[in-house]
Structures are given as C-alpha cells and as structure tokens.
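Working notes, beginning with the structure itself.
Per-chain residue numbering starts at 1, and chain names A, B and C are given in the order in which the chains are listed.
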C-alpha cells in the first residue's frame, strides 16, 4: 500500500490525509524511499534535505491533529525548481555561479505554500538560469526523460517535469519564460500551466527575462494542476507587475463543450513530426465531437515570434544576470587582480556556454548603435504579436496547437546547434510575448514518447484552459501516467 | 597671452543629486539614515539578491513631484524607470534604476540672487531653467583598506532626485547662488535635508567656454561627484582657467569626465570620450509605467511653500524690512514663519520684530546647546516676542531695558510684562514727578550751555539733558516722555 | 540589419573573458542567430510600443521601513568580508 503512494494524485493524497488514513510523514517517507531508488536514474532533484522534509511533515501532522490544517495542500509535498527562493535552501539556478548560495529569504510562492501547509520538498534541476529546452545546460547534473532515459526531459523546467513522470513527487513548480513549463510537460507526459503574466508573484523567482517570466504549476492531472494554481495565485505588493486573481478576476470556465477553439493557420506545417500532428489532430476531432466550435485562426506575424523573443529575452537577461559578479554572493574567482578582472573571471568561470551566448547576444541587441535595429524593433514586433493574439482570442476561447513540434530528442542530439534548440519553443513563445495563459495537456504518444497539445487563452482565462483539459483528460487515459522505472 | 580672460564666457550646467527625505529606500523597504554600522541597512532587494524585485516608494515619488511644483515644472501624466547598466562593486545589481525617457519632473526654473555690492544691498536676480529631474537610486560606499576595498551597501537604494539644469549659469558665483537657492527651496518644502556633511547633496558640473558673443557652445567637460557648494565653485574656477589656458595655447578641449580632489584643489581626468560607457539603457521590465493622478498633484500643490524670493520681496516692500534682515529671515522657512507669527501678534512694527529675531534670537539660539539651531526648542514664543516689542514701542521700557528683558525671556520663557513687573523695570511715566525732575535739571547751571545751543537750533544738544534726568530716576524714566517734557519746558 | 559585431567589445561590456576558440564559436553562432532575426528587420511594424503595463499610485510602496538582513547575514553569504563589510580587490578609479 505504502509502496503505491507515489502513483497517487495530490487530490487523492489530500483526501487520505484528511480522512486520517495517511500521515504526511508516511507519505514523505515513501517518497524519500522512491527518491533513493529512482533519482539517480532520472536526475530530477539537485537537492533534498530529508531531515527537513520529515520535520515539515511532522509539523503538518501535528497541525492536522490539532485541528489546524491549512487546506487541501496540507501535508502534500511540492518540489520546487531551483530558481525559486526558499529560505534556508539552495538557490543555485543549476549554475556554478550560484552553487554556494543558500537563500536568506522566501519567495512569495514559498510563503503561499507554507501558508497552505504544503511540504517544501527539495530542489529541482533545470537549464542554467532557465536558459534552454533540454536541461542539458545544468551545471549540476543531467536529467533524463523518465520515459526514455536516453532522451532529454525538455527544459528548462526539466527536473520539475521528470520528477512528476518518475513518481518522485505529486506536484512541482516550474517557471516559464518561453515555454519552460509547457515544453518539458509535453515531453514528460504531464500537465504544465503558464499563468497569465501577473497572476502569480515573481518575487523570489530568479529573473531570466522579467517581462516574460512566470511561475506555474505542474502536475500529473488537471485537477492537481488547478489545486496548485489556486494556492499560488494571489496579489503581492512586492511585485509591481503582479495583480493576482482578485483585481480583474478569473474568467469562469463555462461549459467546456461549448468552447470555441481556433486552430492557427499553417501551424501544423512548421516542422511538426507526423505522430505529433496525428495526436494533436485527434484531439481537435475529439473536441469537435464534443460539440466545440472549431475554426481557423489568423496569426500573420507568427514568424516574428522566435526572433522577437530571443531579442527581448536576451536583452533583459544580459541585464538581469549582471548582478552575478562574485562581489556579494555566489562564485568568486580565486584569481586576484583589479575588481574588473575579479568580476570578469568570476563570471567567465561561473556561467556555462549557453548563458554566455545569451548574455553576449543580449548585450549586443542593447548596445549603442544597434538597440534601435534590434531591441526597439523587437518591442514593436511584440506589440504587434500581442495585438494579433488578442484579436484572434476575441473570436475564439482558446487557440490549439502542438506544444512542441517533435517528441523528446536524444541527449546531446541538438547540443551543438543553439538555433535548432531555439525553434523547440516556436509554439509556446507567443503566450509569453503576449502575457497570455497557456497549458500543455498530454494527448498521446509518439512511440513510447509522450506528446502534448497546447492551449492559449485570453488573459485570466485559466479556468477555461483547465476545463478544456479536464474534458479531454476525462475521456482519455493520460492522467496520472508515470513511466515505468 | 593675446586675450584677457574676460574675452571668454563660461557656460555651466549642473546635475545635482539630492537624497530625498524619506524613511525607507526608494525601491525597497529597508530604512536608511546616517551613522549606522556598515551593511545594517540592507535587505534582500537592496542587495540585489537573485529573485528580488523593486517596488517604488510613494513618498519618494511625491517628494519629487513636490520639487517639480516648487520650481514651477510640469508634472507629466506618466513616468517610468529605465536600467542603466554598468559594472561597479558599489552597484548591487550592476544596473542603476533611473529615469531616462520619462522623468517625474520636466522643466521649471529656479530664481537665484547674486551677491550685492555689500551685505546690506540686494544683488541681481536671475532665473535658471531646469531641464528635468529624475528619481533614481543611490549606490553603496567604497572605502579603501590596505590592498583591498570594502563595500558598505547602507547607502545603496537611497532615493536620489537628480536635478538637471539647462546650461544657463555663467560664473562660479552663479553656480554657488543657484545651489544656495536650490538648497533653500528643497529644505523649505521638506523635499530634502541637503546635509552636505552627510553627502546628501552631490553635483556633477559641466563646464565649457566660448568667446564672448559666440553662439556655439564649446566642448564641455563633466566633473563628477562634487559634494559641497565650495567644491562646485572651485571646480568652475579651475576648469574655466584650465580651458582658457588650453585654448589660448592653441590646443583643444577634450570631451572628458573628470574628478575633483578637494584637498589639492585640483581636477583630474577620469576617462575620455573613447572610454565613455555604453550604458545599454532600456525600460525596466519590473516597474510598470506609473500614472500620476491629478488629484495627487493638486494635493501636493497645497504643500508648496511661498517662494523664497517672493517672500523676501514681500518683507521688503510690504513690511518695510531692511534687505539684510529680510534676507536672513527668508533663508529659513521656520524662522520666517516664526517671525510672521510674531508680526501677527503685533502688526505695527515688523522691523522691530525682525531686528530682534534676526539678531538677538538667532545669536542666542546658536549659542544655546542645541545644534542645529531649532526653533522648536526656542524658549520664547512668537507672541511673547511681539509682547516685548510692543512694550518697547509704547515706551513702557527702554530699548536698553528690552535687551535685558529679552535675555531673561530666553532663559526663563516668561512673558515680557511679567519680567518687567518683577524686576521693577517699568518706566517712570508719572508726568507730575517727571515734570518736577525735568524742571530741576533745566535749572542746573551745568546744562545752561546745552540749553543755549538747543535754543539756537542745535536739536542734538537736547540729549545732553537726558543723561542727568535718567540718573536721577535710576534709568526708569520713560525716554519718550522726557523728550516731550524737555521740549515743552524749553520751548 | 547591423553588420558584424565586435566580439571583444561585447565581451568587455558583458564582463566575460573568452578564449580564442570561444570567440570563434560565439561569433559564428551569433552571426547565425542574427541572420535568423532578419525577419524582424523586414517586418512591417507599428510605430509605437503600446505599453500595456501601466499602474496607478495604489501599486506604490508606502514609506514604512521594513526588516533588514543585518550585516551578519550579508557577510555570511559574501565570498569575502571584513568587519561587516564586503571586501573586493582594491578599487583604483573612485568614479561612480
């Protein structure tokens, strides 16, 4: 019985904890046992403080016993991507640069999870500073796709997706700047949601590209994903870009069978693998059969999304990552010299190649003489893309595409070709540029590899995305799927 | 030398950084203030820890708007913040949050007063235009210790308003006068304390020269980080002389950034244009554009104090104050308001009140233990001072006695009338008794010569008779009454 | 769009030191990526950037001092410190 705990959903675990048939300590012990068996194969976690987890579990059990349970997440472990600050835990961003750093403060979401009684369970591997789509850019360890250990789990929230698919934890947090929640969710056969920009506070999320970054929930089912989303969403005065759900209010889901679904014209032609196209088309047909109105949507500037994204994201990143200089925290080079030499050496030793590449690119697009041609034009293109998405979403409730053009590739396969990797995010990037909510829902397999479809909605239409996902999930067998390990 | 220095005109523009009067920092809730142990006023946001975000301090924005209203600037509908990227160990994020494209204050002007021919004479007035003012964050402090340097981030994130003038200043005296006016306006509006000892006001000084009458501006240099008015004055003098020397020697001026060594009274080159930073400014994605409501502007407009020089003109023209006293009073808003409260209690002699406030009161306050001079702890209240002047004006006590009463008021805080009564200082105004004494003195042959002179038309000769009268009354005779009686009996 | 960038200048601006091989590699990769950005140069774009991110004064922080980390916590995470301050190699140019 205890052996199967890792297969259960957060919702089911919550019911057992509430009924008193399970304790948080028993659950955490079972997950730690699973961690000891499985994590080395998958490499999802970079850090797990077992004693701390069990202490948190005991505290949760004591609260529940005293009648002071804090809600549906009481006693449930939530694993956290290593770019989200939890006081007293490492905050490495999977970078050598921050390997020595223990966070002296809590992120807003960490506070929310504590307030909900959740167990802050370990640190998850990622691409260094969230830059990448395969988690191969982690300086700490490799993470493998639980469905095929020779393949990448996606990225940058690869650890968050792999931990779910490997049954290491029922819920996880990821962050998404251009698809970093949804792409690994698709590759690992789990649900990943990127909320409307501003729904969840970024306070405590290490910035990659501030105008695009969002924290989001990841889970093995829509129900669990929603549970976590509700715990995280709240206004926060420490993030001026966060308005939370209370300000404008989430759009109610309505009847999922009456959703109007737009299929962007030409999207399935863009290097989409046949098995992926087949799975996504089947999902479209499913919705049509349910009574949804399917139509074609026009997004004429779609081709601008990837270049626009890489200009905006790298520009912001080049500035955001300026603070890592070996002065105040993190890695400092042993090479002495002037402060400039010390900072330069610290950065050169601390950052991996992809981070350096993006810093150089971002520095270039902002530099004197080039900013107008690149950065400013990218802002204008972004405005155009956003306007087109909002116009399309005025006519339909959601836009449906594949999440990723192809299933998970082999470890090392695209490592030498950054541009190829950048195209992994072609379907997910526009939601970040336009600040829209989006979700990846498992919808089948390409051979043994999971495939997901992607829904984008109007601002604050998370409930609609979840309702659409729930309708599909209920009719198919992809909820709670885990790889055999 | 082929040209006298007067053939050249100096053109000066200033960038003045003032620390705004707030309790918390500009983008973080950490407190700030002088005299704390290093790094004790630092929170995760100030330190730029990964994941932290700035949130703008409302008070810092309002103080900036208030400054704009003080100088008659327009307050824009929106303002926003940009990142200025450069690496330096005192700069926690390696970018400074500042306002490049949409600052909180645009335009405005500061009236200045140049020194007069003497301190009793008002000098020329001029208006210096403000280009804009932007709200940004201060950096930490570096100190040197042996082979290394130490960084204290207490100052990092302190709100700075950078006030940028048009190149309207034409001499070191004008630069100095501008800064004095600016400091008075900032402190009187409660925008900033401008304590230069504490580094609360720092200037960058742009200087160029051109042939008098020429329109085109010369190449300018920027001397950075001057932390006193005298350093600005000295820098202008130094740079003007240096640039004239260069040009007259047939060399050209390099556009460069310079530093100033106040101890050696010498400038030096920091970097030239080739090394100019590429700051890669872009809009800060963490701080949305701020809409400034007209309600806020209207509310703040009510806090704008009367302009320094408007007040000065009013004192001289309407209240009849001498320029010297007026200029002393208007420099300190609290002092001016104190003075006006006294005048309200005794409106017929503003000059008499001004004289006591600007001389006796200020002198005694400065001598008393509390530094800086504070009117809040002043033992004399405005109405009490008015009472003293009134007693003097009515002839109840003499001017000489008033000094004595004032000293007593300053130590005890009692009313003038009470002190006069207790000390028995009340002047003898008993006409009958005084008439008798006056007649006795007139009859004394010792004063016959003075009487004759007075009668011959020498007005001043009458004063020689007043001494003996005072002597006989132990100084208590009302001098006004004595004067009247003497004239009556000698007529 | 912009012709060739100066990799040395970029590295200096970004405070990165690159080996000769890295310079060659990054130069070619950046060129390739910038080539892909051509679509941006060719696109017909709106003249203005309509900024959707506008807040009013309610989003501002009140001037209430909050908790600090304390010098002990600041120096604990610092790579090198002395007497409550963070130490760095000697700064020569005291411009700020």
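A few comments on the model shown:
Heads up, the rule we're going with is that a residue touches a chain if its C-beta (ideal position, glycine included) is under 8 Å from a C-beta of that chain, and two chains touch if they have at least 3 such contacts.
All values derive from a computational prediction rather than experimental measurement.
In this view the innermost chain, defined by its CA centroid being closest to the centroid of all protein CA atoms, is C.
Counting C-beta pairs in contact across A-B and across A-C gives the higher total for A-C.
Taking each chain's centre as the mean of its C-alpha atoms, chain B lies 40 Å from chain C. Chain centres here are Cα averages; for chain A and chain B they lie 57 Å apart. Put simply, the C-alpha centre of chain A and that of chain C have 23 angstrom between them. Contacts with at least two other chains are made by residues 44, 47, 55-56, 87-89, 149, 151, 278, 280, 288 of chain B. Residue positions of chain A touching 2 or more other chains: 101, 104, 237, 240-241, 318, 322, 325, 327-329, 339-340, 343, 363, 367. Listed for chain C are residues 13, 15, 53, 55, 59, 61, 69, 74, 86, 88-91, each touching two or more other chains. Contact residues of chain C toward chain A in the complex are 1-2, 5, 7, 9-11, 13-18, 22, 26, 29-30, 32-34, 36-37, 39-41, 43, 45-50, 52-53, 55, 59, 61, 69, 73-74, 77-80, 86, 88-92. Residue ranges of chain B in contact with chain C, taken from their complex: 22-24, 28-31, 37-44, 47, 55-61, 78, 87-91, 139, 142-153, 224-225, 257, 259, 270-271, 278, 280, 288-293, 296.
Considering their complex, residues 44, 47-56, 83, 85, 87-89, 92-95, 149, 151, 278, 280-282, 285-288 of chain B touch chain A.
Contact residues of chain A toward chain B in the complex are 83-85, 91, 93, 98, 101, 103-105, 107, 202-207, 209-211, 237-241, 315-316, 318-319, 322-325, 327-329, 339-340, 343, 363, 366-368, 371, 375.
Of all residues in chain C, those touching chain B in their complex are 13, 15, 51, 53-57, 59-71, 74-75, 82-91, 93-96.
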